[in-house]
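The following pair of complexes shares a single chain, chain A, combined with chain B in the former and chain C in the latter.
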Partner chain A sequence: MTSTTLTGSKPAAWKLSQFDGKLFGSAIKTVVVPFAGILVFLMLWSVAAQNIDTSLGKFPGPAAVWEQFDALYQEHSRSREKEAAFYERQRERNAKRVVDDPSYQPKIRDYTGKETFIDQVFTSLVTVMSGFLLAATIAIPLGIATGLSRTLNSAINPVVQVFKPVSPLAWLPLVTMVVSAVYTSTDPLVAKSFLNSMFTVTLCCLWPMVINTAVGVAGIDDDLVNVSKVLRLPPLKHVQKIVLPASVPMIFTGMRLSLGVAWMVLIAAEMLAQNPGLGKFVWDEFQNGSSDSLARIMAAVLVIGFIGFLLDRAMLQLQKLVSWDRDSVTH
Partner chain B sequence: MKWTQVFRRAALMLGLAGAVGLHSTQAVSSELGYPEKEELTFGFIKLTDMAPIAIAYEKGFFEDEGLYVTIEAQANWKVLLDGVIDGRLDGAHMLAGQPIAATMGFGTKADIITPFSMDLNGNGITVSNEIWEQMKPNIPKMKNGLPVHPIKADALKPVVEKYKADGKPFNMGMVFPVSTHNYELRYWLAAGGIHPGYYAPHKGDISGQIDADALLSVTPPPQMPATLEAGTIYGYCVGEPWNQQAVFKNIGVPVVTDYEIWKDNPEKVFGITRAFAKKYPNTTVRITRALIRAAMWLDENNNANRPEAVKILSQSNYVGADYDVIANSMTGTFEYEKGDKRAVPDFNVFFRYHATYPYYSDAIWYLTQMRRWGQIPEDKSDDWYKELAAKVYRPDIYAAAAKSLIDDKLASADQFPDFDSEDGFREPQTHFIDGIVYNGHKPNDYIDKFPIGLKAGQKL
Partner chain C sequence: MSVLLDISHIDMEFPTPKGSFTALRDVNLQIKKGEFVSLIGHSGCGKSTVLNVVAGLYGATRGGVILNGKEVTEPGPERAVVFQNHSLLPWLSAYENVELAVKQVFGKIKTRAEMREWIEHNLQLVHMGHAMHRRPAEISGGMKQRVGIARALAMQPKVLLMDEPFGALDALTRAHMQDSLMEIQAELNNTVIMITHDVDEAVLLSDRIVMMTNGPAATIGETLDIYLERPRNRLELADDPHYNQYRARVLKFLHERHGGHKPKTAKVSMEKNIEFDNKSVEHAA
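Showing the complex of A and B:
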């Protein structure tokens, strides 16, 4: 609910500002109106919250959630202090052991404490970006190839259409089993749980990118294709000079869609597979069932929504940066 | 210092020569080397009886052994067991039945052992408010109007019969097919004449509902209150804090604790794979040492440390429930019906009564219940029970850890069973709710004593 308000109110204001000539009027519309919207939302929220009784107490209102933001930050700084103490103890222990046992190669091990909320936000971001980038490196070349060749398109299309609507939760068990069967290193570079989430994200955000890229490439202006034919550009040059620039807007539309999907998928995957990240945070709090749990979950919901919104904005800026045709960039 | 070491080593060599003959399985000497594997990950389920692991971490007992342990909550018992089997987890807080069933091959087959029993008691059976209202007239009252405890399932029987007559299934939740909770709930129900149903794995029926009056199914512990509230189940058997949570949330009433079903019953164990223990013998003993110290800390000075332990457990990365909810059972009281708080000083026992020693007889009790309810479909000899128990329960590792703690002056010998004479069988146990006596040496005789349950020669 909150995330739609955040993402929904801003673009509307943005659009309006472009059409409104008067500076003052636009300032009201870009700043005051969204602000008022948020304020009304907070009021509605806090009124509604007071009237919802759950078995864990009242539904958290804005004040309770704000308190939890503070508590989560306190936990984070306490955890950092504990971490410093942990390394200090470890150094002392290593030094002592080297005295007793000179052949010992001292090694500093990573802090074993629990990730804090802030750590988990970063874990989720890293996972989603890795999964998304992996998907992009597969999907964009594949999309270009299918866009260029009608035959390939008809061959791949049924597969894409079937896999596109599959929920991440259906992929997850398969991914988990395959990863644990294939990835058997004694000293793994990255955790299995990270790979599970990452591949699930990849599988789900592959398809919008493939489809959009293919559509973009297939829809290139015939004139451009003819120019390439006249110049007798070799295939790679053709892709580089004609196809890519011409289909960038569509490719980026696909990427934006995919990133949105990826972020939603990741939270669900983390929740179900107990992989570190925001999804696990939400699940753990639900399981804890303490009187603060709902407020902490609500805090996580706001953060998830806000990050989703920022990711979308970032992609939009990127799209603007690389598009030759600025007008084609939609909000 | 050097001299004492030389002396100790020489003494050990002599002792070892004798010991090898007795215990060919003994993997370690008590001259403890550095751990072979230092970075470990342990799994747990959000229950108060995971406390020894949390305490060993927070109080630095793991680090004292040179172990760097990460502790991770798991979604359910199946995920946890799979984690230990596939190596994602090095060890875990397990249901006592899990290593036994895994070694036997009921469910996933894997060689899991346990050198350390984590606690005694700690579970309860809770029914929804609706069922409680219907049970109440059947329960004798004390002078002050409160119900007489222990409440037997006899009071529930008419309710179950009414549901049955109306054609409504009487559903109850337990946490895992081989969990203590499953056997305790079955024991309690059967003692009151309610049939909890048989398993027939040889026919592919692992639902455990053949001939059942009450239908039992699996729900992960932290979800029990929510499932009860949703009306999917009418009651459940689970560890703490999920019975007290039902009281706090006003959604159900705990009717009986497992302490009343079987006084001082063995509960969770610490499970690792046999391969792990073989590959990392020093690490295994050091883990056991740290856990023993944690258990001692938890019971020290008549539970003086419990409030601190509750504070640690209420952290969101451990059990995470409210302090008050956890404190209710951990500090020696138990709240039944709202306001009916009674003293149960031994509700959670972590160290007293040799709680941490892995008794063969404890393992055999679980096996008898597996046979009683058909999870073991055929008759087995008494020796089979003993051999399987000895495969899974490893008092040799426990003894090595305990002895080295005594050597290091971190514990005294009188806190442990006498390792020279201990045969791993508790004296015949009498404190069951139905008065039936359990003798671990004679599992087959024991099974035949139950009015409800499979008996010698019976096969579904």
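Showing the complex of A and C:
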């Protein structure tokens, strides 16, 4: 049970931070210490970067990366300006043609500029959320059924245990081939590459949710189950009134784990399969091999990490919002 | 009066890894309508098992339970249970906990307004009217137990089953709860089976005390009818010779050897609250 080892390690960490709090005072602990930690990290990074030579020049330090953040943002603004200008030109042209010829039906062509870094970030976010939500809609009902039925649990457990450790890189070729074979619409609603990364994400983040939901459901207090029996709640009502609320804390633990996995998997999938998104950005820069490439990749690394962190915080807030058991919500 | 609940010669065997374990042998008990019966015995003798068979949560290996002429085959709200550790749904308020039961039992009979009135009435009956909308985590242990009782009463059960309902409460709270329960009983005259290991509680509340021998293969050792006039008052009863005789009878039964094990002696505390040290009894087993 991965979930128990995961949650099991938490109280110890929590106790430790409480102990720190007594020594330093909470203001120092929440502001000064993390700030100092970041400063030390930046210094070490700076020093280390100066001493690493690559075929593309020196490893980028914090300053070089900061420069690239600015450059990436400038590129994005310029691209947006171009896009706006492109549509503006079309509008003017169409307006003119309509004046000349009132029967003319104006057409708007889409702008097809290169995706900027910020566009890639949004593509990645949309992909990861789609894959994750698809996984959740499969995994949570499956986990509930597995937790309720011992027979089903015995049947599903081996499959879950075998698929859980599979790397996304192994799934990707299979997903790509299947999507190509099955998804053959001439006017596709979404791109194949989007489906490839989405399904790969789904396959990898199903399992933590299935396992945690099942453990949560199987661990419901016997007394609460007895209450349900005495009331003769019908099966669906039993799930709705007792099982779901009782296992919400565990379901959310699984969802947080899964979302973390999903984000990691997505970057790898995009890189390997040339699917649009942050992973492809990293890969393109690597192939590009200009003197700025490493700094741009490093900027992407920081953004990837920061988004991963924000996703986790968002799940935590959501968990706090829906959970009746405040104590079960840990950082 | 005629028999409402017939616990007819039940045996209970549990399958265990070391073979089958006989918890109960030939437990036979008939209860009349409106009777308040206490089950008393040492920890682990099989009191909860009897209650769970009556509730329908366990199926007896031999014999059976007949309620109102019908055999009990599954749990149901006409045999409402008050569990030892309240068993309220922690994500629902006191009101919503009772509501879940009321909707399930009366959803097709009562209107919404009637149901709301009935829920509030039952919460007021257990003196929880002022804290109806608090969640279990926000109220004391005694209050939780009150809500548990309100939930069970709200089902209008034919038999009310209570498994050490006040076992986890401090002495003062427990005394309050016992008084409340007597008030409610005077008003509703329910048929009740209550498990306890508190001798005073048993004598104070019951019309009849059923004493169980120690397990394995526990059975009913002795029953004692309590002819004390109601309403009963704990302070007046303290000096009542009959009351003290009843206490002595139960205590004597519990001190003596019954069944396979030799029970440890009971602790008698200063305020005449007799309880048994669960741990020492289990060590002896």
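Operating definition for what follows: the second predicted complex is superposed on the first by the 287 of 331 C-alpha atoms of A that agree within 3 Å, B and C clash if a C-alpha of one lies under 4 Å from a C-alpha of the other, contacts with A are read in each partner's own complex, and residues count from 1 in each chain.
By our rule, a contact is a pair of C-beta atoms (placed from the backbone, for glycine too) under 8 Å apart; a residue touches a chain by one contact, two chains touch by 3 or more.
The structure presented is a predicted model; accordingly, all values stated were derived computationally and were not measured.
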Partner chain in contact with A:231 - chain B first, chain C second, else both or neither: second
Chain touching more of chain A, residue-wise (chain B, chain C): B
Which superposed partner A:241 touches (first chain B, second chain C, both, neither): second
Partner chain in contact with A:289 - chain B first, chain C second, else both or neither: first
Partner chain(s) touched by A:180 [first = chain B, second = chain C, both, neither]: first
Contacting residues of chain A [partner chain C, same complex]: 221, 223-224, 226-227, 229-233, 241-242, 245-246, 248, 324-325
Interface residues, chain A side, partner chain B - complex: 55-56, 89-90, 93, 97, 101, 104, 109, 112, 114, 180, 192, 274, 283-285, 287-291, 293, 296
Chain A partner contacts - residues on chain B that touch it in the complex: 34, 38-39, 46, 57, 60, 63, 66, 68-75, 79, 86, 88, 222-223, 225, 229, 245, 249-251, 314, 316-317, 319-322, 325
Complex contact set, residues of chain C against chain A: 55-57, 74-77, 79-81, 83, 85, 87, 89-91, 100-101, 104-105, 135, 155
